[in-house]
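There's a structure below that I have some questions on.
The chains carry the letters A, B, C, D, E and F, assigned in the order they are written, with residues numbered from 1 in each.
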Amino acid sequence: DFFHALDDVQAAFGVSEEDLERCVEKGVLNYSKNIGDILTRGRLYVEQVRDSPNTSIVSTLLYGPPGSGKTALAATIALKSEFPLVKLISPRDTVAMNETQKIQYINNMFLDAYKSALNCIVLDEIETLIEWTPIGPRFSNAVAQTIKILLSKAPPPNRRLLIIATTSERSVLNQIGLLSKFTSKIPVPNVTTINELSKSLELVDFLDNESRQSICDKVQAQNGGRVGVGIKHILSHIDTAVKSSTVAGTFAELVNEEISDFSY
Amino acid sequence: DFFHALDDVQAAFGVSEEDLERCVEKGVLNYSKNIGDILTRGRLYVEQVRDSPNTSIVSTLLYGPPGSGKTALAATIALKSEFPLVKLISPRDTVAMNETQKIQYINNMFLDAYKSALNCIVLDEIETLIEWTPIGPRFSNAVAQTIKILLSKAPPPNRRLLIIATTSERSVLNQIGLLSKFTSKIPVPNVTTINELSKSLELVDFLDNESRQSICDKVQAQNGGRVGVGIKHILSHIDTAVKSSTVAGTFAELVNEEISDFSY
Amino acid sequence: DFFHALDDVQAAFGVSEEDLERCVEKGVLNYSKNIGDILTRGRLYVEQVRDSPNTSIVSTLLYGPPGSGKTALAATIALKSEFPLVKLISPRDTVAMNETQKIQYINNMFLDAYKSALNCIVLDEIETLIEWTPIGPRFSNAVAQTIKILLSKAPPPNRRLLIIATTSERSVLNQIGLLSKFTSKIPVPNVTTINELSKSLELVDFLDNESRQSICDKVQAQNGGRVGVGIKHILSHIDTAVKSSTVAGTFAELVNEEISDFSY
Amino acid sequence: DFFHALDDVQAAFGVSEEDLERCVEKGVLNYSKNIGDILTRGRLYVEQVRDSPNTSIVSTLLYGPPGSGKTALAATIALKSEFPLVKLISPRDTVAMNETQKIQYINNMFLDAYKSALNCIVLDEIETLIEWTPIGPRFSNAVAQTIKILLSKAPPPNRRLLIIATTSERSVLNQIGLLSKFTSKIPVPNVTTINELSKSLELVDFLDNESRQSICDKVQAQNGGRVGVGIKHILSHIDTAVKSSTVAGTFAELVNEEISDFSY
Amino acid sequence: DFFHALDDVQAAFGVSEEDLERCVEKGVLNYSKNIGDILTRGRLYVEQVRDSPNTSIVSTLLYGPPGSGKTALAATIALKSEFPLVKLISPRDTVAMNETQKIQYINNMFLDAYKSALNCIVLDEIETLIEWTPIGPRFSNAVAQTIKILLSKAPPPNRRLLIIATTSERSVLNQIGLLSKFTSKIPVPNVTTINELSKSLELVDFLDNESRQSICDKVQAQNGGRVGVGIKHILSHIDTAVKSSTVAGTFAELVNEEISDFSY
Amino acid sequence: DFFHALDDVQAAFGVSEEDLERCVEKGVLNYSKNIGDILTRGRLYVEQVRDSPNTSIVSTLLYGPPGSGKTALAATIALKSEFPLVKLISPRDTVAMNETQKIQYINNMFLDAYKSALNCIVLDEIETLIEWTPIGPRFSNAVAQTIKILLSKAPPPNRRLLIIATTSERSVLNQIGLLSKFTSKIPVPNVTTINELSKSLELVDFLDNESRQSICDKVQAQNGGRVGVGIKHILSHIDTAVKSSTVAGTFAELVNEEISDFSY
């Protein structure tokens, strides 16, 4: 227990760079103009925190459907900032914590950040950090209030902080009063058009031109021009399909299945 | 208490193979094409976790009505994987635990799994693990959130994990936000047609041809072509009926009784 | 407190035969064909648990209106099983326990039962064990879930268990998801017809033929052919009426009063 | 605190006769035939518990509007029983106890009673013991369930128990499922007619004939024949009115005020 | 903490006369016939508790809108009683106490009172003592039940107790079942007419005749004959207005502002 | 932990002047007549608390939309009072405190204030101090009740207290019953007209005349005459825009974006 506890501390206060790198292991594919725009917006806030004489805290929220790439994009912006301290606060590290521990954990991450001159905190999946569930609805108001206060609490003099948060439940954050606390909100859309789908398959060298065309035809046949699948799921379906004898067919099926699953 | 506690630890972290074998003591009858399809799908995910360079975690959910055979099928897939570590997380082992203990228990099972290179966890009856009841409704959100996070938390580098979960409350999992966390969902139907009923009776050598025909006639007379009884209950009714003087008649009665019980 | 605690342990884990005998102190009157049928059904499950090679756990639920004789019938079946271990789990023994203690108590009763080869547990008044009240509604979900799991948790290898439960709130058990966990459900009706009323009075030698006739006439005059009073209350009204100067008249009055109390 | 605690124990387990006597300090006025009937009914249950070979527990509930005299009548029946042990369980003695303490207190009173052969317990103001409030509604389900079980828990062999309970919230007890646990329920009405009012004033020698007539005339003028005031409040208004210069007038006013207070 | 605790005890059990005197620091202005009537009613109950052979406890509730003078009037009646022990139970002394501490505090005040022969307790702002808020609604049922019991719990033999309570939430007390526990209820109205307003200004020598007339004209112009402002607020507005250059105008404005604030 | 605790104490009971100064780091721009009026009203209450013989406590509430400048104005009034003790109670200092700690913290701030003759407390963002969220709704009633009592609890003799509170949830405070406890309420509006917008840009020397005109034209084009943006957000948008190549255009865009965000 003692050694376990020490590990915990390490996990909590050590450098999170490695963790952030794992979030973008599969890279960031440039399958749409959006991707570049989002990264540019991110870079702008990085500059502002680094240079502006009047700004000591900036917070930005990446919101979008499940699997659209929010975490990978947030991690990319944070890693590219080259700030001396970049940290990841993720539900994966608060599993099995009770409410009090979670609040302490989050608060300590911020207290820790206040010690360095230039900081970046990635606050991943806020809706899961507050244990949101639509039944009830239930969530930890105490964790939500902690995040709410930390989002607008200026760091001590001569300290600057950039917060990059993600959520797939924008409307929940709005209802709880968290949304208005962000300096800015950036949408992260799904792979939306057949063209974007085709582009992303090409970028990962999935099959040949013809096969990709046949996939796009099948998806278009079922759904018309609109795709609406997260890049994360597309990459996962590829991994599954390659085990099948009819790779292209299986991939198209899995994508079509997912799209129809969501629409009923 | 001390020795009892040691037993507990054993139960929690030892090899669960024996437990899983008990789940299929009555075998898996091939009474319908579905059975084979489900096992094939299962095998596919086993392969993917074993081989794919990009996949470190796959989760699949077997869902279906009470007694349809979900637990037996999940156990079968897990046992056939021949992964070095297969584990069962079942409400039966968390009885009388409080919320905190349950969360620790589940989390420890996963932490334990992360230590081995290739793992399979059977997560049985999620709706009971979270103490779901429709009155209120009430359930343990803390347990639900723990499962939600663990379903998408990648194991440490060089570790791979297959999660096979079961539930008879798919819509509940959907409402709680657990459903979308699974890589895939596989339906497990009841014994649905008279043919399937007849086939399953034949496969366990229950009575002679004529008696089985008379049973099928009686069930058809009441219900038309649709049966809708779980294989688990069919096997249980056989056990009860053999104690009666009119075995075939009693069996048909018990099956008919159960079908009408469900439909009013 | 120490000695008190020892008594408790005794009460919890000792042989409950005596307790069960007290439940049928006033005997089981054969006032209707139902009574025999219920006992026969009970005997069938006793045989099945004792002999069937495939069955390790059977659970049956006696349900019916207050005072209809559920507890006495459950106790009778249990006592007649002549299983080496018969136990009673009753709200009367869990009075003033908190939720945790109640769960431990119930779980220990089952753990204890798993130690013997052939067991019978009477689980009396489930709705009271879970502290059900329609206002709210409120009940202990933790106790309900414990019972739910124990009802379908197979005992260890070479152990067999028969559970006979009672309730006067069948629909509550259904809503909570407990009902479907029982192997079978047996209704226990009230004394329903004038004939059954007359028969039960005769069986306890209450007054002479003529007086009984006059009683039945009075009850019929108010209620027509339907009676709807529990055998427990009939026996209690007899005890009260014998203290009165007009025994038959008072008894008829008490019965009529009770019937009209229930119908408004 | 130590001495205080000793006092508490004394209060809890000593003889409550003195407490019960204080409940009838102002006597029981025979202002209506009801009074006699209630006491006769009470005596009947006393006899039954003392003599009947089959009865080990009888419970009766006195219910009626606030101030109708329930507590005084329950105390009278208990004191007249001349049982060796008569006890009062009243909210006044559980003030400032928490839920657990209250449950222990009530349960101990019953455990104590089980030690003597012949017992009578007065359970006063059940709705207050369970902390009932219509807002919510809120009440202690744990206390309510404790009382529910104790009402039907037979004492050990060779022990007999009479429980006389009171409430001004019959419908609440019905909703909570307590009402059906009583062997019998006895209504305690208010002073209802002008005649009963007149009779009660006469019985306490309040003023002369003429003044009483003038009072009755004034009450009748406002309310017609129906009065509907508790005997407790009538006696209290007399105490207030005697301090006034116009005794009869003030008394009539106070009674009229109270009646109209209740009817809007 | 130790010394702080001692102070607390002092505050709790010492003589509260000084506290009560602070409640009427600004005196009791005789701006309306009501004031005299209320004090007379109060005096009547004081006499009754002091003299009546049958009365050991009387409770009266002063209710009215915020600032109408309830606390000052209750304190005045208590101080004029010249009872050896007069005590104030006020939310101001229970700030930052938790529920259990609040219950102990209130109960101890009463236990303390029972030690002296003749007592008067002022129970101020019951709605705040029970932490009432209309959202939910929420309140401490445990504190409310404690007060409910203490209001009708007769002190020990040879002890007498007068309770003077105040509230601005009569209907809440009614819903919670507290209202009917009071022996009597006395309304405390606002300054209601222009005449009463004028009288009260005159009684504190605020400005000259002409200025007061101009104020009354302005208030009448906006509101017609009805004022509806508490005497407490009138005195407070005077204090504010005297700092202004246009004293009369500012005062009229503040009063008008408050009246319109309440009516929208 | 020990040293950390000491820091806490320091933070809690030390002089808050520095904290208050940070609240107005960007100054108070005189962009509208309102600003002066608010400061004048504030000064009036400062005088009253300092001089009036009858006043020992005054409380005023600054309410208005997010970012309208409430905290800066409250801090300005407090700092200008030149009272020997000025203190800030802000959610930023209660982050990660539990309910009990928060209550103790707030109460101690007031207890501390009572020790000095002349005090000013700034109570910032009451809705956040009570952890208000519209879902449920949920909030800490215990903290709310503490604030409610402290707002009307007169300090000890010879002590005077001015409370300046802020909120962006006036209607919540009204529902909870806090609003009526304030001596006065002062609205703090947004930058509302194009003129005020233009004035505020000019006062911070943002760009040249022409550019400002072009900004105002763009804002007017989208929104007509009404602006409705907080001064805090205007200053923040300036900081962001200066990093852009098209400063004026970006600024107008950000302002327009925010206005439309709020109106849908």
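Assume a contact is a pair of C-beta atoms (placed from the backbone, for glycine too) under 8 Å apart; a residue touches a chain by one contact, two chains touch by 3 or more.
Predicted, not measured: the structure shown is a model, and the values here were computed from it.
Any chain touching chain A that also touches chain D would appear here, but none does.
At the chain A-chain F interface, residue numbers used by both copies make up under half of all numbers present, so the two copies contact each other through mostly different positions. As a whole-number value, the distance joining the C-alpha centres of chain A and chain C reads 57 Å. Remark: chain E and chain F have CA centroids separated by 33 Å (rounded to whole angstrom). Look at where the CA atoms of chain B average out and do the same for chain E: the two points lie 66 Å apart. Of all residues in chain F, none touches two or more other chains. Viewed as a contact network, the protein chains form a single closed ring in which every chain touches exactly two others. Following the touch contacts around the ring from chain B toward chain C yields the chain order B, C, D, E, F, A.
The touching residues of chain B, counted against chain C in their complex, run 22, 26, 66, 91-92, 95-96, 98, 128, 131-136, 138, 235-236, 239-240, 242-244. Of all residues in chain A, only 44, 47-48, 51-52, 54-55, 100, 103-104, 107, 137, 139, 141-142, 144-146, 148-150, 152-154, 175-177, 180, 183 touch chain F in the complex they form.
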